[in-house]
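The structures come next, written out as structure tokens.
Here come two complexes built around chain A, the first alongside chain B, the second alongside chain C.
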Partner chain A sequence: MAGVGGLNAAEQRELQGRMEQKQMKDFMNMYSNLVQRCFNDCVNDFTTKSLLGKEESCVMRCVDKFLKSSERLGERFQEQNAQMAQQGGMNAGR
Partner chain B sequence: MSDKPSTSAAETAAGATSTANVSNATGTLSSAAPPKRPVVDNPAFRAMGLPRLRLPSRNWLIFLSITGSFAGAVLYDKWQTRRVKQKWADVVSHIADERLSTKNMPRKLTVYLSAPPGDGLRSAREHFHEYVKPVLVAAAMDWDVVEGRKEGDVRHKTAERIRRKRKRAGEGEPMPEEEAAKQYAVEMMREHNGTSEYDGLAGDLVIGRNTWKEYVRGLHEGWLGPADAPQQPVPEPSSNLEQSKHVAGQPSLGDSVEGAANVVAADTPDASPAADDSASSSNQEDTTQADEKPQEEKKEEEKPKARNPPASITPSEYHSASLSSHTPEMVGPSTPIPFPHILGFLNTPVRTYRFLTRRRQADDIGRQVAAAVMASTYRPYETVTVSDEDSASGSGTNVPEQTQILVHEEANWQKAVRAPRKEHEESVWIEDVVLDERLASRMRKFELTSEDEARAKRVGDGTEKVTKPGENS
Partner chain C sequence: MSFLFGGGGRPQPSSAEKIAAAEAEIEMVSNMFNQLVDTCTKKCIPNLYREADLNKGESVCLDRCVAKFFEVNVKVSEKMQGEAAQRQGGAMGGGGGGSMFG
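And then the complex of A and B:
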């Protein structure tokens, strides 16, 4: 993806746009995963249209935990990625 | 009076039945009915109303009693080890339920594992998986394993870790920026994100006497030796120049291998860190030496190279060395864990006995690991009295406790361990444990408090219930 040498302005703008698109896509993916998981796990009672009290609190906790765990996972992934990138750079030189 | 007709009737009946029997016998001889065995009639059983039991023959009895007792002993031992492991896992399970914020790392224990003399790493790993790991998993503890396949590996790796910590803190020669970024990529990313390491005790679990010796040696080398990594001495006359030049970083990462023309060195089937070392150290030299390289590489290939770089400081130099300024007040509390391991055909009775009493081992190891996991107290190592073999009066000398940890395991080692070492092999296992007072006073040992012991006993008896995860809490 990286061009030879530097990127000129037009390419950089395009790269920027693509990154933003990707981030948006990732965000929407995460949102739909979150909704699916929390709905499936928390909301079980369909005898009534409204959310019960326990379902409401369950959903809040579910969102909280999901975001915290994805934050943690993201951090670990970032660290490992950095390490791999460093070592990969060295391995490529071999 | 009434007897006579009845007896005569009985006689006639008996007569009739006997004739009937005879006729039956003659009639059925052709069909070859098996003769009936004489049934042992026990009047006591008959009185109790039990059916007519029949014991098997003498041979069967011998066989069944031997196999039955052996199988019973094995099953009882297996059942008890399972219970004991479950008990220790329950004792520490409350730690798994503690909360952890996203910006904090959990506590990490370091496990030092090395292959026992005469055997491979697999047996040590299985010992770890069977006795140590269940307790660690039940407490949701994070752990890091320092493995050693041959003598000296654990020493080298321990010293490397300590040197790495020291370099990170800023000792030794400063590394260039990109070098530091490569080595400490994970740590730097964590600092960047604001993730903090666990603030509290870490811990070391050392499995086996040989590992303990290497661990102590590695500790001393790491904190007392120079902060820079030792060089693999290249056996060339020009090597003196290379040794004085310092290769920044650890030998195994070998960032200077890129561009090294010595692919020959990489082909050596021996330890590749050693090859990288010679390649990297020789890379420092100018290319004028390149033509000498092929012959010297061939010479090295014939002579086996030492697996790890030699220690940067020998035990005799401890008293003259200076302790690193970054040495923590307490060198991570350590817990030695017994690893009974014995080989040999003639030792089969001993091994059978140990196989049938593994529950005691499980209990002991579970206790040590639980002490390390709960980290409630730790005590400094004391001096113990060792009885002198030679003195007639039986008086003992006082030695530091660290030298006598798990010393009974040395009796299990084979004679081959005490054979004199070849040039490229290390001899940590047969040397005594040499301690430096400054470091030895900083070593601590995990212990279980008496309340924890009492609680463990109650959990084992069943009087204290431990809530499992998944139940309503």
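And then the complex of A and C:
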């Protein structure tokens, strides 16, 4: 990683701070994405003001499913990333 | 900023530049992950939500989706690097075998 090896403690703290901010932002984005997706897919009946039972349970399942798939994708992503880093290290002929 | 080897080398990158470089790299990886999540959930999770857990088919689909996504990433980057190298003239830095980003 360009530059990371040369970061001193103060720089690392700064980077850490920025990463935390970014994580917050990413989390908020994920949240609003999720609301939109589950609303779009589950809620289609507007004859009444409150959520129908089936709509509510659909939303609950939607959230569960999405969080579980995010988790699984995260795991696979890390595995693939690690594999790539390994391969990149072996093939680099600089 | 200090010059190495009596003016022959480049100046050391400043603090801000180093942090910006690290941040940019992390952001690139993070963006890729977000795209991956978006795409693979659209492709693999039907929008009926019959149950809260992932079934076997969906799980396997997600795993394969990640693997293929990475493969596409590598192939696209290899091809683009190949074309850039060609445009610069084949003599310089020949042999782009297996070179990847990062």
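Of note:
The criterion applied here is as follows: the second predicted complex is superposed on the first by the 87 of 94 C-alpha atoms of A that agree within 3 Å, B and C clash if a C-alpha of one lies under 4 Å from a C-alpha of the other, contacts with A are read in each partner's own complex, and residues count from 1 in each chain.
The rule is short, and it goes like this: contacts are C-beta pairs under 8 Å (C-beta built on N, C-alpha and C of every residue); 3 or more make two chains touch, one makes a residue touch a chain.
Note that the structure is a prediction, hence the values are computed from the model and not measured.
Note on chain A: of its two partners chain C and chain B, the one contacting more of its residues is C.
In the superposed pair of complexes, A:R72 makes contact with chain B and with chain C alike.
Contact with neither chain B nor chain C is seen for A:E56 once the two complexes are overlaid on the shared chain. Once the two complexes are overlaid on the shared chain, A:E20 sits clear of chain B and of chain C alike. Contacts of A:D64 after superposition on the shared chain: chain C is touched, whereas chain B is not. Within the superposed three-chain model, A:A82 lies in touch with chain B and out of touch with chain C [touch as defined at top].
According to the touch criterion, the shared surface of chain A, contacted by chain B in one complex and chain C in the other, consists of residues 68, 72, 80, 85, 87, 93. Interface of chain A with chain C (complex): residues 1-4, 6-7, 10-11, 14-15, 18-19, 22, 26, 29, 33, 38, 40-42, 58, 60-62, 64-66, 68-70, 72-74, 76-77, 80-81, 84-85, 87-88, 91-93. Chain B meets chain A in the complex at residues 102, 181-182, 185-186, 188-190, 193, 195, 253-255, 257-259. On chain C, the positions that touch chain A within their shared complex are 13, 15, 17-19, 21-23, 25-27, 29-30, 33-34, 36-38, 40-41, 44-45, 47-54, 58-59, 62-63, 65-67, 70, 74, 95, 97-100, 102. Contacts from chain A toward chain B in the complex involve residues 68, 71-72, 75, 78-80, 82-83, 85-87, 89-90, 93-94.
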